[in-house]
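Here the structure is laid out as structure tokens; the discussion comes afterwards.
Per-chain numbering from 1; labels A, B, C and D assigned in written order.
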């Protein structure tokens, strides 16, 4: 079922719900899902509606025009998207295949509602797996001292593909600040720890050293500061002294791919709103 | 913060959200929480609003009068309640203290927003614990062959206390059908299994015999059919071959009290809607 | 690291641990992992040792000969296996790809320590995916009225491949009793419910109808009675009224593949012991 | 059933299991539970046996004498305790009652196998609750500038009560280094975050600020460095943008008391071994 997704953030106040509800009712909009949230600390209001596209008398542009006055009245930050316009998501990976394979399978079996115009990797290892899915694979090596060159190539590829989002499926390289900024809230990373614990390299080693009883993974939007962007989704799995670092790596993989695929799904369905470096996830 | 809780169920259609939103906006109602759900299978629509009481120009009766025409228009089943009118919840227990102690502590520490006019038990064991909390304790033995008499006494007590709800905190006796009916969707039970597995007596024994790897507990509204009422909340905990039945009983207790207290909290906050023997929980 | 896995079940008594410990110490066996369990109800004792193969002066046959007198003395049911002798696991699937793709990826990335001589399916849909992994794919249609013929072909294939185990990765067909018996405790199934709830067909529909708040999956050895064999592993995921049956199917897939891969791993590492239709899992 | 608990840590090597097994078999020791662990990184071996006391021909002292030569041979760090000698556990609390009430109820209902000689608090709020359980309550205020005095009193009380362990059930004060040292690996704290995230004060505020999707609690032995001691047990609970800090505090309480009671139980049953600031928990 094709839907329009209307996502709104604005300073809280009386009458917003009614105004939006009226607007939708006026045009016979059939609401299939609705979520609100008033954040008492910040005084902001957040809202997401999913509306059957065939119930409305206009397309996205028509909607935008009709809704603009209301948006202005309440100083809304807002967006409206069409579920039929599949987002173009560029996947980036390194040598580890588990997250990439998981996303590709979900995409292949129709579970992940997006297009994957290409996969970019700093290694050539996963080419065959990707190409079996009928997806172009670009090998962009990232050599010490020649990083700038590599990321210029990455940027070029991403732009050529008109990417709506970038997913770092265990890419293991730090993107340059410009790229993060250009794709703000559209670069999704999976970090293999339960953030804010164990930022940076080798989190499973850090976890083993500290002797934690649960390890986790964190899906977040990438910002300039390493592993400090808004968290979209997290989960954990129990470990014990019986688990070596290798066991943790293996157990962690399952959490990583679950958390990344859930986070990406929320993003694709426009369920994630970012406010003051935190997310609201209307799921 | 005192709120009114407006809970609505009605056949789905266009304009319900707008109409209710308009109504609230008309009276300057400050919505602190809102939840909707369209059930595509049944074609029903469900809605819960929490509105600051001090933002509205009327009391409950005023609200009811003003809202009645809208309710009629959409054939709504609906209720409006006031968070300041604490529900009167009669607790019933047998000999096991864990669920009762847990609820009493939550109540005592202000976490559970209700009054507890009394505790009724078929044994006298827990009297001192209850009375320390300043709550009257009624010992109503249930003797074989004289059950009718006992439950007449229970009914009398419940009515005398003007109970709004009854919680069976491991009461271990089957309530008579009339009482279940009189307090339909207001008698809350905790069953010590992950229903629908292991209905009836000794569920931990049944679980051990079947060799399940997780055991659970289920909080549900009581209906005439044993352990078959609408499920409000469930949870599980991992067990292994190392756990004897006694271990399961111990581990299960922690799940039981968590699940019961969560379920009761949802009920008290008017978060639970029942439709065709299932619940929607707006949490 | 190559290890021998010694798995023992016998009536409980004093001196078993010492006798086995002595035996291993006598031959300078380097124990890397040891697990015991005394089942007080049945009076049986269970034990699993993992021993570095290069620390022992004999091969499997030598071990068997040397250990036989001890095994007789304590009436042991026992087995010794060599981690270097990879088990041959035939996978069977139908049209749903998620469990099969998951197992194939784990195998391909070296996480699953077994050989997969072939995949058998009653449909031809997944051939390309399987063949990309370099694994033969046999399409054996199961037509109503000609089931016997089909399963004769399946049996022939399984025997030809010298299969040590059969994994039903959402095969959706009931294996004939003879095959279950021939491969007793070696046919592993994933059932898409938290057994013993929702035996049989369409468990997610059953779960939705009953309104449970968690759905699950169960990995078990197949026995003649449907979905009633010894449970190896289970897990659950939270659902709510917001989840349609389609959502449950999607959420359940993730649980199914996790539970199946964990159960298979336990089986491959000889961590599972079966006693009176229950398992002990030494993990 | 009365048992002896033999806990051993020593450099790994061949023959330890056999030697200990032989020793126990020689004296007809009936092992009810056994756990081993070889830590490959540190090269240490860890072992715990539970043996029926009535199966052995000696008491603790006799055991110690008979076992000493073996312990010397393998340079063991070891201890043997008697389940019939209940540990004396002093509880310390502040104003928050949830952890204290939970422990007291478990103790009262026979679930927690220890004596509680007294409760010490820096406030007088929880006196009545404690005294209802028949346990002495000592109010030792901790005033700024007079902390030394207060902790001298605490030390005196703890020694007077011949405490085997101290549990900080949300005590909210930092114990002086001398006391931590004197009771090394015997002071158990519950920290209201998933360590190492959110060390120090107001962890739920920190968690809310960072926007994590799960909050947790950590039970650990207290060392001089704040919240950095060996972790015994941890758990988490899911939160969302809908949960205010107050909600997190409430949800967190349930995790705190579960985690603390599990950690304490492991400690009482001698299931916890500490090695290089990490624990092994043989559960």
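Simple rule for what comes next: a contact is a pair of C-beta atoms (placed from the backbone, for glycine too) under 8 Å apart; a residue touches a chain by one contact, two chains touch by 3 or more.
Quantities reported herein were computed from a predicted structural model and do not represent experimental measurements.
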Next on the checklist: I want to compare two interfaces, B-C and A-B. Which one has more contacting C-beta pairs?
Outcome noted: B-C
Checklist entry - Where centres are the averaged C-alpha coordinates, which chain has the largest centre distance to chain A? => result D
Checklist entry - So, what's the distance in Å between the C-alpha centres of chain B and chain A? => result 37
Checklist entry - How many Å are there between the centre of chain B and the centre of chain C, using C-alpha atoms for each centre? => result 41
Checklist entry - Which residues of chain B are in contact with two or more other chains? => result none
Checklist outcome for this item: Listed in rising order, chain A residues that touch chain D in their complex are 37, 39-41, 46, 194-198, 209-214, 216, 230-231, 233-236, 240-242, 244, 277-281
Checklist outcome for this item: Listed in rising order, chain A residues that touch chain B in their complex are 14-15, 17-22, 24-26, 28-36, 38, 55
Item to check | chain A contact footprint on chain C (complex, rising order) | outcome: 97-98, 101-102, 105, 108-109, 111, 128, 132, 250, 254, 258
